[in-house]
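Both of the next two complexes hold chain A, though its partner changes from chain B to chain C.
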Partner chain A sequence: MKRKKLLCALAACLLALIPFNAFAAGEDGEYDMAYYGQFAGQNASINVFNWGEYISDGSDGALDVNKAFEELTGIKVNYSTFATNEELYSKLKGGGAQYDVIIPSDYMIARMIAEDMLEELDFESIPAFENIDEQYRNPEYDPENRYSVPYTWGTVGIIYNIGTVEEPVDSWSILWDEQYRGDILMFSNSRDAFGLTQKLLGYSLNTEDHDELRAACEKLKDQKPLVQAYVMDEIFDKMLSGEAAIAPYYAGDYLIMAEDNEDLRFSIPKEGTNLFVDAVCIPKGAAHKAAAELYINFLCEPRVAADNIEYIGYSTPNKAAFELLDEEVQNDPVCYPPPEVLENTEPFLALSPETSLLLDSLWTEVLSTDKGYNKWIMPVFVVVAVGFSIGINLARRYRKKKDSPY
Partner chain B sequence: MSKAKYAALPYLVWMVVFTIIPMLLILVFAFTTPDGGFTIKNISDVGKYTDVIMKSIWLAAIATAVCLLLGYPLAYILSRQSARSQQIGLMLIMLPMWMSFLLRTFAWMTLLEKTGVINRVLGMIGLGPFELINTSGAVVLGMVYNYLPFMILPLHSIMVKIDHSVIEAAQDLGAGSMKVFSKVVLPLSMPGISSGITMVFVPAVSTFIISKMLGGGSNLMIGDLIDMQFLGNAYNPHLGSAISLVLMVIVLLCMSVMNQFDDSEEMEGMLI
Partner chain C sequence: MKRHKGLSRLYTGAIMVFLYLPILVLIVFSFNRNKSRGAWTGFTFDWYLKLFHNDAILSAFGNTLIVAVVSSVFATLIGTAAAIGIYSMNKWMGRAVRTLTYIPIMSPEIIMGVSLMMLFVLMRTKMGVPIQMGLLTLILSHITFNIPFVIFNVLPKLRQMDKNTYDAALDLGCNPFQAFYKVVIPEIMPGIMAGFLMAVTYSLDDFVISYFTSGPTSQTLPIAIWGQLRRRVSPEMNALSTIIFVVVLLALLLGNLSSIQKERRERKAVRI
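The block that comes next holds the complex of A and B.
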């Protein structure tokens, strides 16, 4: 669920010019070379497909995970990025691309497992999996933990600007508050937008009850006049500049925004929220499965995972890495909320195909609800246009006939 | 068979592989279910989105009309200038197109925002703030700004062909400026108008990023709808293909109607 950090990107570009030698994690002594060295000199390579800006890439003097892995193992990493789970899904479904490591979110993993799109992992060759906190093993999306290794997790909450919002924020209902008309931003992806509405109405995030979804749809339509814009990436610009004052978004991204605008606050509503986990998987038919497992193991190494999570700004499911973090970060209630808050969360699971289709058509309804055109308008338009074309052609032929004697 | 014909072969192969086969795929997808059976449900489902389709056509039509109104006089005046000024003028018109389409639209965002440049300047003289962004007006503005060159260029290339002596002849015969325009310039520039309208209307009706960036996500257009089918939550390429097919039919119909006008006007021109 990682989004581009637009502002950071610029800083990153500048800092990339500074040669980095902070390569503490790259020292060979730290790792089991009998394990990591198995592909050395074989000219092996793996294709990694991850969210944009979702790995420590060496900017800012931080660890360059891919480079460190390449130097350690001799396996070349071909790294590319995607922007939404759905994009990843359609790329894999389309069958044109070959990836060895992918990092989808929870509900997408459940869907991929159901559709037999993931390869079972060989946990014998991922010894560092032991670093993963018990709490994040055997998750609902992968009950026997056979296909995935958790990478990051986080929550969704409300980001607000104390300049405009003076009252304490503790409920999703503030997104429906008439007082903030025009200052509210909303998710432009259907699952998140519906999710928080369902929570507000007291429904499950994964409801298959179509009446509940319709009720949520009506609620979202009520909200529409108050919403300034439906956005994803643009939220950074709009919240930082004060263009908007309230927006639901991901906790990790709030931390990045808060660095640049100290008037921003984050709150997890009392109705509960979504807790998402992004996990590393290997897609079915991956050509370099063993090398991919080496990569996954490397991501689980405490030092690597800690440096990585520090850069990304999300929360880590890796216990050993967590212990390496600064105390300040460990106690941050945004990044690592107290247990009572976490208890009141729910993960996204895969919806049935019918419900997914309904959700999308309801979402289109929300976004396009302004005028009710008659559904016969299109067929009538087509008939009229065809009739018009024929009419003109006939008229012209008639005229040509009249002209021909000359 | 002449050898020259073989020169067209690379493009022919290109067209078959990257245009004709994908179009057939759209056709196949539009009429099948995920299990591969035949269905017309996808096509009939498109009816549910009549609102979106009508809105796209309406906004694209407004944008095209505005482009024509802005572009026509400019193209005419430009075509009457010296060759050198024409060159400079055309370059200035093309200049914005050297920048990324996305960047240009993004720039409009920062101009139109509530805390944007326009509202801040107006605020200094005590006006506003006005709600400029996230409206359908902003979407039309974005389309006009991005597609105006596509209107001016075909108009200009037709108008330079209008010989000035034709206009002078009309004036010699006593025609006023209105009459010169309606009887000489307008009929002769008709092919330019029709290709300009096509060049603006077709991309405008299927645009998707402009409505997302300037329309605040709530001014949905056909392009956004198709985008949602492929990259949205449901992943429904069958419905997406059906919508694309309907869009293609709409565009085809609009173009054929335009062509009819064009030809009949030419006929009239010939008759005169």
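The block that comes next holds the complex of A and C.
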């Protein structure tokens, strides 16, 4: 008798567990269809705007995130890509919001929040947000965590080739070392380039002090003769082939390079560095907000986030996804630096419009030739061009007159 | 004389190397096992296989083709009609319109891109035209910047044409429409074809204008490549570029071969 009762209880327990299991999405590919099926058969679609090469696309047997989402929900994903935060910003500003999901970086999110360009997310319909590590909730760029769900994070450090650089690298100052003239690469975007210079000089990454920015600008000008090139993705080729020996870049990208060139090392300088977060948001006026939230939730599913992060190579803010990673990756100090290193990092925040403008003009000053730009060049050029064309016409007319028999 | 020939061959060779070496490098590295262009680690067809499973790249390529073909067809129709109109204008009108047509060609692409984007946004927000950035805006802008190229390819052919042939056709019983498509069109056909091909080429190449006028559903190949810039351009792009290069090369070779044969046949016919 007792045994029967026990069996009954067990069966009841199991029965109760079944729907629960279906709820605990992820692991075994079981997703909550009551949730993901909301839009099935409605011909819905969302427009996703992401960085290039920034989502697992099914190569090497990994998950094709967009396709999996389409199959799961019946929502079509229109996927397009951008290369810089500023590009994303100008697209949204200029063309009006036609995107439903965007993935800007931290400082751009802060700027967009300030300019009222983002929709508040409905976290009720993003249950998988619970997978996000506490540490990455309520970040400085979105203090109440109302607009964004972190997607990836990473640090900036120095990548160097031990064939050329034999000394230990622990400071940004190596990028100013005369000894490595011509072997140094540098960021071609102003924010990163200024950021590390500001760190070297002991300033905040987000300083609004114009004298400090000016000092950083002078420092960058000092560096210019030593720099081989100002680059972004060319860093991969140049570092792999040994064409350059020292370059500041993102930790995740170093890991990809290190697979192909074992002489490369990565170091986070003692002066501290930038910790960046790219997070998923919905722009103001998005036409398919509910479907977009489904997509964001899908990105937070442990298995999806883990496959994504393996493809991208950056670090994940998703605790459940982190658990799924190889132990080797979990313990990698480059990808997941120890707390004392992380403490010494600073995120980028939005700068005031005046400071942004100053930064732009200072960066142009760094990149342009030493000779100052002469404001008379344009008018003189126009006058010469007009004069030239009038001259030609006159000469032609004169010749015609001479040639004509009448 | 012979020495000269050697020299000219050398010169031609140097130019060929100059033009094709970069493409050759790209082709070679599309077979590289390694993801980078820095190191050669072994031969593989992987990138070609992966390419055919990469929906993002393929759909971008599809968009590029659709935009190129559709916009070139429309630009050719509109441009040819415009050229015929300009041709029959009086001297001053004609000159004024030609100058106006030159301006879009001469002015930097970015100006055209930004102004088209502003126009589309204005149409949507202020004039109530429900136009979304997408394939449609992309095609419209490509038509816009392609029209001048067609016009300037057709105009010289019209000038070469003997005007009397048209009158003769009318005298021999054609109505004006028949005279137009039986006499004028065949006469200027080479110009129309050249204009069309030029339009296709410019449209395939275009990045700047597409960048400003494309939307979430209509990324073209150049924009997709641009998007990969922060991470790095994937080797599938090398594979795709190689395929495009080979296809274009084959098309050109076939075209040239057939025209050579045609010439031979005609020469034979004359001899007989």
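Heads up, the rule we're going with is that the second predicted complex is superposed on the first by the 339 of 406 C-alpha atoms of A that agree within 3 Å, B and C clash if a C-alpha of one lies under 4 Å from a C-alpha of the other, contacts with A are read in each partner's own complex, and residues count from 1 in each chain.
As a convention for this text, a contact is a pair of C-beta atoms (placed from the backbone, for glycine too) under 8 Å apart; a residue touches a chain by one contact, two chains touch by 3 or more.
On a predicted model such as this, the values are computed, not experimentally measured, just so you know.
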First (chain B), second (chain C), both or neither touched by A:93: first
Partner chain in contact with A:84 - chain B first, chain C second, else both or neither: both
Which of chain B and chain C A:164 touches, first, second, both or neither: neither
Chain B versus chain C as contact partner of A:182, first or second or both or neither: first
Touch count on chain A, higher of chain B and chain C: B
First (chain B), second (chain C), both or neither touched by A:223: neither
First, second, both or neither for A:241, with chain B first and chain C second: both
First (chain B), second (chain C), both or neither touched by A:377: first
Chain B versus chain C as contact partner of A:385, first or second or both or neither: first
Shared contact residues on chain A - chain B and chain C: 84, 238, 241-243
Footprint of chain B on chain A - complex, ascending: 84, 86-87, 89-90, 93, 182, 188-191, 224, 227-231, 234, 238, 241-243, 353, 356-357, 359-361, 363-364, 367-375, 377-378, 381-382, 385-386, 388-389, 392-393, 395-396, 399, 403
Contacting residues of chain B [partner chain A, same complex]: 46-55, 109, 113-116, 131, 133-134, 212-213, 216-218, 220, 224-225, 228-237, 246, 249, 253-254, 256-257, 260, 263-264, 267, 271
Complex interface listing, chain A residues touching chain C: 47-49, 51-54, 57-59, 64, 66-67, 78-84, 94-96, 98-99, 232-233, 236-243, 253, 256, 260-261
Touch list for chain C against partner chain A, complex: 34-39, 41, 50, 53-56, 117-118, 120-121, 124-125, 132-133, 212, 214-219, 223-224, 226-234
